[in-house]
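The following pair of complexes shares a single chain, subunit A, combined with subunit B in the former and subunit C in the latter.
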Partner chain A sequence: MKTSNKVILIIIAIIVVVALIPVINAEKYKMVVNVVEGENVMGVNPLADKLDFGDLSRNNGMTRYVNLQIGGKIPVYFVVWKYGGLAELVRVEKNYFTLQPGDELKLGFAVNIPPSAPIKKYSGGVWIFRLPKVF
Partner chain B sequence: MIKKILFSLGALVVIAGGVAGMSAYEAHVINVTAHVENALTVSSEDLDFGTVFPQEYVEKEFTVQMSNSFIEEGYADDIDYVIKQKPKCICQGEVGTADCPHGQYAPVSYLDDECPSGYVKMKSLCGYLSKMDGDPDDDNDEGVPSYYQGTGCMPFNGDEFALGRLAKSQQDTSDVWIIDLKVPPFGGYVAQDWPAGCPLLKGDPNGEDFGCDLWLEVTNISRTGTPVDENIVSISLENKDENWNVIVDDVYGTLVYPLVSSTFDYEVTAQGLQPNTEYSLIYYAGPWPGNNPGAFIGSGMTDASGNIAFSGSPDLGMDLPDSADANYPAGAKIWLVPSSHYSEAEKKLATWDPSQYLFEYDLILYNDTDI
Partner chain C sequence: MTKTLKNIIGWLIYLCILVGLVLGIPPGLSYLLKTPHPIASITSSSMWPALKKGDLVFIKGELSKEDIAIGDIIVYENKLGFTIHRVISKNDETVITKGDANNTNDAPVVYEEIVGKAVFVGDSPLRIPYFGNISILFGKARDKI
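Now for the complex of A and B:
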């Protein structure tokens, strides 16, 4: 193999490594909400294994929180990405932000069920990327 | 050809190793801990009292219940929650534009109770709302009555909490709450039957908007022998009243321990205790004073806020409960008590003040494998 090809391969390898690390280290949570019949019904599931917004009737909302704490010595930049059918109903209180060493933040994920929402279970997920802010 | 294959394999190994190594290094360097909180808030946007008139009485109700997913969860039992009142924010800009990204109304921040940018707090309705238990038969909820008592008024300011509890073990998976509003009159427009000393509203009596957000916050989940894995379980430690009913408040803890092990590898966390006080985790083997045979398991100090966390791996030298225990074979009592109330040498309580203790939510079982 030519030296130039080797260099290209090494560069590609570095790019792959750098690109994969934030994905591997991202905090990943499933999200789910069950839209139910009725008025002012709030069925809660406070278990912490996922962002379960429980059973909600239309026109109701619920906010769940992910606690973020910086234990290292460098600032960290956070990017929140949500996906799935539930993503458009969920509002993230804060996105594209930096936390300093020692900082702690309760990041809110608020779901609001519109009055026209079909009665069904919605699911999705959220990835919280954390990137060392060196510069 | 073989050389190319080997080179490709080598490159893959290097990349995989690099990703794993760099990933671990990055995680170590930035050291972010993240977890989903048990606490959550619920807001109903539909408790709209509409147009009301001074001294009019109106009420609405809503239901708080366990979700189907929580009911189906085998190891979770009870939910303790509070209903708070917080200011409601209204957008100052044009609704439907970028000025009002949350719509016309928005809740305050969970952390500092401040409105989002572009929003201001509405005139508060919070002090005039009651939160009454709509299904008192379950006998485990505590509401906040109306400020208006007919012949006088109670000095509420809107900071009063209602306490609620949902418990699978009591077949109580749903609570109904009634929110009532007795509209105060505006100053200068007061009917003669309005009791002296009751609040008066300030402002324009025609067309003032008032608001208040009701927040439901989960404060605790009780677990019944929670299988953390096949052998490790977690139980709640609770303060209890004179009838041994759990007191629903912010004083509670958690004990994690193995069902089967040669040593009792436990972890205790608790909050709401006496600050800067040493507490002991004990096996209380009845009858009084608990040394039948009883055991001292471990101890730790609370911080200035009354929080505590400690762990250990003592060899108890017995199963729990022991056959001499009055509670044998049902289970063992595990309590968290101030160390000054306990004689470690005699394995018995020297003082009885249950208001300072946390008790096991359910009797526990433990199999010591090396006896």
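Now for the complex of A and C:
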């Protein structure tokens, strides 16, 4: 293999690793809500491993929280990314923000079920990227 | 003819077709759908789940009062820009619209404010998911300039 090709391969490998680390380190939660018939129905199934909003009827809402802490000595920049069928119904209290070392934040994820929501189970996910803010 | 020259000509033809498509689609759609605003990006969740944020929808223009029926999704112009909501009632002077995901009706819309209505395929509006995000991004970038 030519030296130039080796250099290109090494650069590509570095870029891949740099891009992969935040993805691997991201906090990943599944989100789920069960839209049910009726009015003012709220059934909570609090599971720690996912953002489970339980059973909710239309025109109803629920907020779940994720605790963010900065343990090291470098400020951390947070980016929240939602995906899936539930993503459009969930509002994140805050996105694209920095926490300083020692800071703690309860980040709220609020779901609101509109009157047009079909009765069914919705799921999705959220990734919270933690990017060390070196510069 | 050398292989390199053939490649260059091939790429130029490809580029011309691409530019032609990009420049030609909007006026072509305007002509076909009879409106200066043939496509619209969905920027809110007020019509969820019929229309989702980031969808691209097609708008048909040149409508008479009789062309607008209850259940149609119409686009109208107001002080804030354009709104795309569903018709829930109509009379001789105005139509009343509401976002599917909203709990309240909109203010009455006079027929002159209506730009067009969404093109339907069967019971659902014709939409291209995610493609509306491109124009939303361009809009945000333009707003920042």
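By our rule, the second predicted complex is superposed on the first by the 135 of 135 C-alpha atoms of A that agree within 3 Å, B and C clash if a C-alpha of one lies under 4 Å from a C-alpha of the other, contacts with A are read in each partner's own complex, and residues count from 1 in each chain.
Going forward, a residue touches a chain if its C-beta (ideal position, glycine included) is under 8 Å from a C-beta of that chain, and two chains touch if they have at least 3 such contacts.
As the structure is a prediction and not an experimental result, all values here were calculated from the model.
The superposed arrangement places subunit B and subunit C next to each other on subunit A without a clash.
By the touch criterion defined above, A:Asn59 lies against subunit B and subunit C together after alignment on the C-alpha atoms of chain A. When the two complexes are overlaid on their common chain A, residue A:Asn5 makes contact with neither subunit B nor subunit C. Once the two complexes are overlaid on the shared chain, A:Ser116 sits against subunit C while remaining clear of subunit B. In the superposed three-chain model, the partner touching more residues of subunit A is B, compared with the other of subunit B and subunit C. After overlaying the two complexes on the shared chain, residue contacts for A:Val16 are found with subunit B alone; subunit C is out of touch.
Touch criterion met: A:Val76 reaches subunit B, while subunit C stays clear of it.
Per the superposed model, the minimal spacing between any CA atom of subunit B and any CA atom of subunit C is 7 Å.
For the contact definition in use here, the residues of subunit A common to its subunit B contact set and its subunit C contact set are 59. Per the touch definition, subunit A reaches subunit C in the complex via residues 59, 88-89, 114-118.
Every residue of subunit B that touches subunit A in the complex is listed here, in rising order: 4, 7, 11, 14-15, 18-19, 22-23, 26-47, 60-70, 73, 76, 79, 81, 102, 107, 109-111, 216, 218, 221. Those residues of subunit A that touch subunit B in the shared complex are 1, 9, 13, 16-18, 20-21, 24-25, 27, 29, 32, 34, 38-52, 54-55, 59-74, 76, 91, 93, 106, 108, 110, 112, 128, 130, 132. Listing the residues of subunit C that touch subunit A in their complex gives 45, 48-50, 52-53, 100-103.
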